[in-house]
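The structure appears below as structure tokens.
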Amino acid sequence: MGGSPRARHRRAVCRWRGGARGGAAPPRTLEPRQKMAAAPILARRIARSGVLPLCCRPPSWDRAPRQPLGLPLAPCRAFSNNKIQVELDESSGVAMMKFKSPPVNSLSLDFLTEFSISLEKLENDRACRGVIITSTIPKIFSSGLDIMEMCGKNMEHYGEFWRAVQELWLRLYGSNMVTVAAINGSSPAGGCLIALSCDYRIMAENPKFSIGLNEAQLGIVAPFWFKDTFVNVVGHRIAERSLQLGSLHPAPEALKLGLVDELVPEEKLLEKASAIMARWLALPDHARQLTKSMMRKAVLDHLVAHREEDIKNFINFISKESIQKSLRMYMEMLKKKKS
Amino acid sequence: MGGSPRARHRRAVCRWRGGARGGAAPPRTLEPRQKMAAAPILARRIARSGVLPLCCRPPSWDRAPRQPLGLPLAPCRAFSNNKIQVELDESSGVAMMKFKSPPVNSLSLDFLTEFSISLEKLENDRACRGVIITSTIPKIFSSGLDIMEMCGKNMEHYGEFWRAVQELWLRLYGSNMVTVAAINGSSPAGGCLIALSCDYRIMAENPKFSIGLNEAQLGIVAPFWFKDTFVNVVGHRIAERSLQLGSLHPAPEALKLGLVDELVPEEKLLEKASAIMARWLALPDHARQLTKSMMRKAVLDHLVAHREEDIKNFINFISKESIQKSLRMYMEMLKKKKS
Amino acid sequence: MGGSPRARHRRAVCRWRGGARGGAAPPRTLEPRQKMAAAPILARRIARSGVLPLCCRPPSWDRAPRQPLGLPLAPCRAFSNNKIQVELDESSGVAMMKFKSPPVNSLSLDFLTEFSISLEKLENDRACRGVIITSTIPKIFSSGLDIMEMCGKNMEHYGEFWRAVQELWLRLYGSNMVTVAAINGSSPAGGCLIALSCDYRIMAENPKFSIGLNEAQLGIVAPFWFKDTFVNVVGHRIAERSLQLGSLHPAPEALKLGLVDELVPEEKLLEKASAIMARWLALPDHARQLTKSMMRKAVLDHLVAHREEDIKNFINFISKESIQKSLRMYMEMLKKKKS
């Protein structure tokens, strides 16, 4: 995996694309402005992108028992990639997105790109109306932004990385699909952001699993749109306290604060997520989408309007020797913990 | 009830006015901007409006037992109209506004106009400091906007109807009087908006009664100022979820979410409303009014600034064949339910 | 204490300053804009200000038992002034600020000036990272703005007074230090504002102690930035209701509403405040400060942008004969209560 970050990244995307070439499908979106803002970046990356390799296979996840036994299995298209496995059940219109990037589903540039492309693919697929996001890694939903991408790299890389973080959030928070997070493990920082960006959050009721925007603990600051997303979920006061302390809230506390919507035993998590999804999909798409957009538009527009400035701020901040030093120390600590 | 909507509407207003003519009393308002914005519309409608017919009669509603037995009854002016009965108890300064438009107190153009004119009348009456809003129809507070006004009519009618909805909200949410909703039945959509626009909400503790902005269930979208009012009461997260799902919350859930302030047994509802009103009226009017205006001004100003645009959006949306079809289907369903 | 308010005020500041003269230390701030906005006013007041008299003495307050017995006492600098006693424990980096202005710690112009100067001093002192604010007066934290300053004075005085109120809030709400309010008594109006402006609020669990922005009870209106601070803590709905009613919430109710973060027995208050402070100081300062600023900037900027207008509004409002009359009546009532 040598070469410049861009080259490495291009390889990753090509591998994933399967090499086929063709025109990208026109997006099915309701929010032209924010979608367009994200589109050129992704477009640049998947330029002359090919059709995704699809295959049919039975759903591998616990479906809610809404389908009588004895009936033929629902058609299901799956595309498994390096870091995220995606399966779309066409009968229900629900896609399952499973993070499978050991050891801790950290959000590397490759992971983020694969995530954004998968979301775009589903968004443009008329057969898909909702996505359940979960993890295949035990005890971890996602550990958040990959520190390796923020440490000892050049400025161009930091910029590209940050743009990919923004893009994922713009797509997920602004998605027309119903998005449900089935949080089956700890979910700090960027992992928490993914959960916060969904329409509904169900967490395994294990007090060992925690969730929160703990950036302040590492000596860094959650960007304003992490904060905006957080405030929209838990309100100003809880956000102010939690962000300043960089709190990681154990599942029961997260429920109490409104950071997650409900807790269920881990083995019931996907079943519950499917039941919740069915309830949300019972609504007509169009009205639900316009309502969602009305609620989230101000916060999405704020980043779209300040995107380049936000990237510059990130590059300046992360390039500081003091921050680099603190991140190196943090990585050393993690390495020692492992061994 | 033939002729154009305007003609039909003029007849309704004239009937209500009792035919007398004269100059309208100058409004006693603290918020010139928002009041003025609403004024020309109403002024146009009640052009050369007459004095309201007033009569004295004993209060017909359960007063809180603050008045010792044996004393002469307080003077009380009442004006009963087609769809809303209004009684002002001059001794307490509290008006009782009772919806009495069978079968379900739906907010037709006539109902809205009568409501706005009654509010203006009370607002300008120095003897009136507070209004309690309730219903005479069993099990229903108000069923919300009248679908008949949004279905199979022409664009001019849709525009006039929407302006009347805006106007009611501008008057009620921006009222200088203390407003208490005594919610003695279900209160979906526009009925919920009326409750949300008051200063305090008491609901009968009957789990069969529900309340919520359920527009999404009908395939339509609550306008941004319904949303703003909702967010101001329950916060962003609860509003986002409830609006997307078009939830109707049973009374106990509504209390838990903060959508209503308290539940009492139905037979105690008006007594409790009067007690709450007395507590609010114990404050000096001027300071309370300025405080209320400070809290609500941003949201009121937002509609005032985008009023014509909002009307155009409504007309465009409601005129769509897909929306008309969905409303027709809904009405068919309602008719079948009845028979 | 005769002469013009300005002269009286100058005397008070000079007394406090100890007469020494010299240049003020450059501020150590992260938020140049808001600090600069406050700076010239204070600068004008403490023009050619001297070094504060400092002395070393053992800490007089209950420290959390984090320091093993038998060790030498930590170095502690204290400066005791007329109305507020300040002690900085250099080993922990925590200053203790104790209101000691009988009978009720009311926020006079002298008190406010001393408060702002003390905060600036600590803000610029690298040894200080956090402040605990409490009272030495039994049963009272602070009774809020001194009515004497708002009654029977000239316009210039009202303007100077209001600027001092603004300045205190800009400094406290925008402080880079961790601020914890140890509320050991009742805390109405301006006293509540001080508590709301801190990062964390601990209150003695005595139901006789109450807290709230009760301005409406006196016939006056809390200014918009009191309201903004309140909304940031308890949300829009609770603020709307509480401000309109001018509610003073007993400690248990204040906890339930989120107005304070926790209740502890009065004798444990300072111990608990120190423990909370230690938890907040465990975070790296820089990230915590930037996060705090991100959360509070919008509301601080709003006052900075409308500061002169806000002063004019206050002068106009408070000069009204009706308001003066209502304040005089209130003072008469207080005097009668005493005797």
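Residue numbering begins at 1 within each chain, and the chains themselves are lettered A, B and C in the order written.
Rule of thumb we're sticking to: a residue touches a chain if its C-beta (ideal position, glycine included) is under 8 Å from a C-beta of that chain, and two chains touch if they have at least 3 such contacts.
Here the structure is a predicted model, which means the values were calculated and not measured.
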Field: Same-site or different-site touching of chain B by its copy chain C, using the half cut
entry: different
Message: How big is the rotation relating chain A to chain B when the fit is done on Cα atoms? Please round to the nearest 5 degrees.
response: 120
- prompt: When the C-alpha atoms of chain B and chain C are each averaged to a single point, how far apart are the two points in Å?
  reply: 42
Message: I need the residues of chain C touching at least two other chains; which ones are they?
response: 235
Field: Complex contact set, residues of chain B against chain C
entry: 199-200, 231-235, 258, 261, 279-280, 283-284, 286-288, 290-292, 294-296
Complex contacts: residues of chain A adjacent to chain C: 215-222, 224, 227, 235-237, 239-241, 243-246, 326
